[in-house]
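Next, two complexes with subunit A in common: one pairs it with subunit B, the other with subunit C.
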Partner chain A sequence: MTGIELHGVEKSYGKNQPVIENLDLQIGEGGFTILLGPSGCGKSTILRMIAGLEKETAGKIFINGEDMEGVSPGAREIAMVFQNYALYPTMTVKENIEFGLKNIHVPKPEREARIGEAVKMVGLAEYINRKPQHLSGGQRQRVALARAIVKKPRVFLMDEPLSNLDAKLRAQIRTDLIELHRNLGVTFVYVTHDQVEAMSMGTDIVLLENGKVRQQGTPGSIYSAPRNLFTAQFIGSPPMNIIRAENLAPGVRLPNGAASLGFRPENAVVSSDGNADEGRASFRGELVAREILGDHAIYKFKTAHGNIHTKSMSGRVVEYGEWFVGVEGKHLYFFDEHGDAITQSGGKNA
Partner chain B sequence: MQAAAVFRKTFGTACRIAVNLLIFAIFFIPFYWMFLTAIKNLGQTLQTPPVFWVSKPHWENFSKVFAAIPFFHMLKNNLIMTFGIMICQFFTVIPAAYAFARFRFAGSGFLFGLTLATMMIPAQLVFLPLFLMFSRMGLINSYASLILPWATSSFAIFMLRQTFKQVPRELIEAAKLDSASEWKIIFKLMLPIAKPTIVTLGLITFILNWNDYFWPFVLTTNNAVRTLPVGITSLNIVDGGVKYHILMAGNLLLVAPVLVAFFFAQKQIIKAFTYMGGK
Partner chain C sequence: MRDTGKTIEAYLPLAMPIPRMAAAEKYLRRAARAATPYMMVAPAIWSLCVFVVYPILYMIWLSAFRWDMIGPKIYVGLGNFAELFSNPDFYVVMGNTFRFMFFSVSISIVGALLLAVYLKAKTRTNAILQSFIFTPYIISMVSVAFMWVWLMNSEYGLLNFILGKAGASGVRWLEDASVAMYSMIIVAVWKGLGYNVIILISAMHAIPNQLYEAAALDNTKPLKTFFRITLPMISPTLFFLTLMNIIAAFKVFEQVALMTGGGPINATNTLVFDIYQFGFKFYQLGYASAQGVVLMALIAVCTAAYFGALARRVHYGGEA
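Up next, the complex of A and B:
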């Protein structure tokens, strides 16, 4: 058994409803696993339980096959990067990085070597004697990373580490993190509510809602084969268009049991011609808003079936007015009344 | 228009300087008057109208202080009492404040409330029972009787608890992940962060106890452990009649260490009141 395993984990605070109930989760060793979900879905709580900062109410957590019951956070061989960096304000960059090593009695020459290596990796060598308050947000984040790297942990835990940075810096540190993960080859568990971070960095995404895993898989599979409405609408920007069956024109053929139909904005084609071929869906609507974003454009149409978003990479600008939005049959998704995906033939989409 | 703006600016600056001068005068004049009186002779202290400058300072007033009371003995007592209290408070206040800030235990809210409530009890109410208690224990005229009643401070516990509570939870969690023990978290993380508050509290304790008159006066019947404020007050009645100049020379010697302490700690004090945490 390698990686991280959660078996029947439950977490509740006081006598309140549990925030996490009977959770089973497997996080592969050496992967970059993203815990993704809206705020309040319990993703940070899961991370904190893995770190040992919060005790699970019930269930078991294993790291590389070892039961973590009663193991203190410091003894779990993990490192964590916090959203607000949590740097020790009275210590210099070097002391911040060194603190954990001193506590586990790493001899000084080895400490120096490891610190040198870590600060080089994050590009902080010249700031080593500064205090955190004299560093920018991005630099602080790098110190937090160096502090984690230097411990050579089995598992890196990151709790929304990029959310306090501006967009440009976020993009830059995202690629740095991918590189870091490839260089170190250890398990990364990363909590975020941002699907861009999840899709760009993750090798495995665990999508959570109300403390439950809604879908787990590679970014590709989560995007192309959503197992439920929640996943379909959480991933993708803009999210998948969903049209309730009762709002569809009588002519459209749906699989048995389908309660709604979905398609991604990027798979929709805008045309002036509404003739639908076999298996193709077509909706007539009025273009009410458009966002031209350089390499792509996002359009919002008002139709009799509800609002529809489309995304075009063609560079052709669609003028305001009446249009047809068409989607090929292979790009259509169907969901039953519970929100679970079903196939064209009406079977469950496994 | 421009002339009006210039006038407004000049007038504003002038007002600000005037107010600053007034505040300065309020704080400075008593010290100046003390110093001036300390170098006058008896005649000058009683002169009407009072003189605000002495051309021939009487430095011998200070040696009269040393002659009138066992100054260095009392200074030693003062130092033992003040630093004894500060050391005791260091060991009682920090753990209590840390526990109240960081741990939830049975009755923690009640105990903290009780600690705060002790601030509301007037000193006049407790000094008699305390005196009786110390006298029954045979501790009158001992350092213990001067130190023990102030061995902890609910005000300091409250202040330090607030400072500890301001430390972001993640900092402590990061330290735990860095394998730091609870003691290490206290000494390497929390105390350095709380340093400005601790220095300020230390200074307040120092000033309060260094200048304390009432308790040392009540708890001592001879000069064995009497402190300077008690001794300085006794200068009042040297050779009969009030000798203001000797009294003020003694007072000047008494407050000098406080001024020196404040001078060295002022940076930390300002920090303590502006510190916003490590974000």
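Up next, the complex of A and C:
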């Protein structure tokens, strides 16, 4: 048994309703697993329980097959990177990185070697004698990463480490993290509410809602084969267009049990005629807003079935006015009344 | 509308007369603007001058005279200081003052630190204990003094009663010259401890919890966590608190006046009480002023030394 396993884990605070109930989760060794979900879905709590910073109310957590019951955070051979960096403000960069190594009595020559390697990896060599308050946010986050790297942990835990950084720096550190993960080859568990981070870095995504796993899989499978409405609407920007069956024109044929139909904005084609081939959906609507974003454009159409977003990479700008939004049958998704996906495909003009 | 044949400029002087400011008026306005900030701080500066700067200067001036408050002031130059430094009692008083300061401050600060660590967890019991410890601070010194005079009474005081029950012989808390100062220190610590505890607890609560979590992940032992994280993080508060405690201890007066009157045989006589005695009992205003100058110099030197030696080692940075 390798990686991290959670069996029937429950967490509640005081007498309140549990935040996490009977959670089973398997995190593969050496992977870059993302715990993704909206605020309050319990993703940070799960991470903190793996770290041992919070005690699970019930259930068991295993790291590489070892039961973590009663094992202190320091003894779990993990390293964690916090959202607010949690650097020791009274220590220099070097002291911050060295602190954990001194505590486990790593001899000085090895300490120096490991620190040298880590600061080179994160590109902080010239800042080693500075105090954290004299560093920028991005640099602080790099110190936090170096502090984690030197410990040579079995597992890296990261709690929204990029959310305090600006967009440009976020993109840069994202690729740095991918590189770091490839170089180290150890398990990364990364908490975020940002699907771009999840899709770009993760090898495995665990999508959570209200303390429950809604879907787990590779970024590709989560994107292309959402198993429920929540996943379909959480992943993708803009989210998947969902049209309730009762809003469709009478006579539209849907698979048995389908309560709603969905399609991704990027799969919709805007045209001036409502070509209604077999299996193809077409919606007539008025373009009410458009965002031209350089390499792509996002359009918002008002239709009789509700608002529809489309995303076009063509570079051709659609003028305001009446249009048809068409979707190939293979790009249509159907969901039953519980929001679960129906695998069968098919469709007809609206 | 009919065209009147006039251009727009023709109406302009009527519509908007352009004000022409006289040079003098311009100057006055500029002066008023420059003076505004000074006017705003003037009340504070005035009270500072009247109640702080003037008394200090007057005290320094007075220290060069012999004066009994009624008769004429006789100029003696540094005579009062010469008399002061050749008076053996002055050294006894200074010794008492320093002893009181050193023990009361160190016990109070170290004790408060230990109690704060113990009481910082936010539980109901701790909240009750905190308010118990803080209570002596809000009781007036007069009540505290009388209560402790009774507790420490060698004949019928509670302390000796308990010692007697335990089989120990009684202590002459306030009458024995070798014990009295320590009794005073006990009372001072008892009264001031709660304040220090509360301030230190709030400083500890201001430390981000994530630092402790990071320390836990870094395998840090509790004692090391205290010395490497808690203590450096509260050092600005600790530093300030110690300085305030030192200054307060140098200025101790009520407690001495109410509990021992400086006795027995000068054993608890401290500098401020001595100043009071010379000034308002023996009416030697010049001599008392010279002592006042010494006290002022002492506090100034302590403050400067403290800032110089420790300020560089104190952490004042923001959260990283």
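By our rule, the second predicted complex is superposed on the first by the 343 of 350 C-alpha atoms of A that agree within 3 Å, B and C clash if a C-alpha of one lies under 4 Å from a C-alpha of the other, contacts with A are read in each partner's own complex, and residues count from 1 in each chain.
Heads up, the rule we're going with is that a residue touches a chain if its C-beta (ideal position, glycine included) is under 8 Å from a C-beta of that chain, and two chains touch if they have at least 3 such contacts.
Everything numeric in this text was worked out from a predicted model, so none of it was measured.
J.: Looking at the superposed three-chain arrangement on subunit A, would you call subunit B and subunit C a clash or a fit?
T.: Taken together on subunit A, subunit C would clash with subunit B, as the superposition shows.
J.: Report for A:271: first if it touches subunit B alone, second if subunit C alone, otherwise both or neither.
T.: After superposing on A, A:271 lies clear of both subunit B and subunit C.
J.: I'd like to know which partner A:133 touches here: subunit B for first, subunit C for second, both or neither.
T.: Both subunit B and subunit C are touched by A:133.
J.: Could you say whether A:224 touches subunit B, subunit C, both of them, or neither, answering first, second, both or neither?
T.: neither
J.: Going by the contact rule set out at the top, does A:175 touch subunit B (first), subunit C (second), both, or neither?
T.: Neither partner.
J.: Just checking: does A:72 make contact with subunit B only, subunit C only, both, or neither of them? Give me first, second, both or neither.
T.: In the superposition, A:72 touches subunit B and subunit C alike.
J.: Of the partners subunit B and subunit C, which touch A:256 in the superposed model: first, second, both, neither?
T.: Neither partner.
J.: Is A:51 in contact with subunit B, with subunit C, with both, or with neither (first, second, both, neither)?
T.: Once the two structures are laid over each other on A, A:51 reaches both partners.
J.: From the superposed pair, tell me which subunit A residues show up as contacts to subunit B and also as contacts to subunit C.
T.: Common to the two interfaces on subunit A: residues 51, 53, 72-75, 78-80, 82, 84, 86-91, 99-100, 103-104, 132-133, 147, 151.
J.: Taking the touch rule as given, give the residues of subunit A at its contact with subunit B in the complex, in rising order.
T.: 51, 53, 72-75, 78-80, 82-84, 86-91, 99-100, 103-104, 132-133, 147, 151
J.: Under the stated contact criterion, what part of subunit B meets subunit A in this complex?
T.: So the residues of subunit B in touch with subunit A come to 168, 170-171, 173-181, 184, 188-189, 192-193, 195, 277-279.
J.: Please output the residues of subunit C touching subunit A within their complex, sorted ascending.
T.: Subunit C reaches subunit A through residues 208, 210-211, 213-221, 224, 228-229, 232-233, 315, 317-320.
J.: Given the complex with subunit C, which residues does subunit A contribute to the contact?
T.: Residues in contact with subunit C: 51-53, 72-75, 78-80, 82, 84-91, 99-100, 103-104, 131-133, 135, 140, 147, 151.
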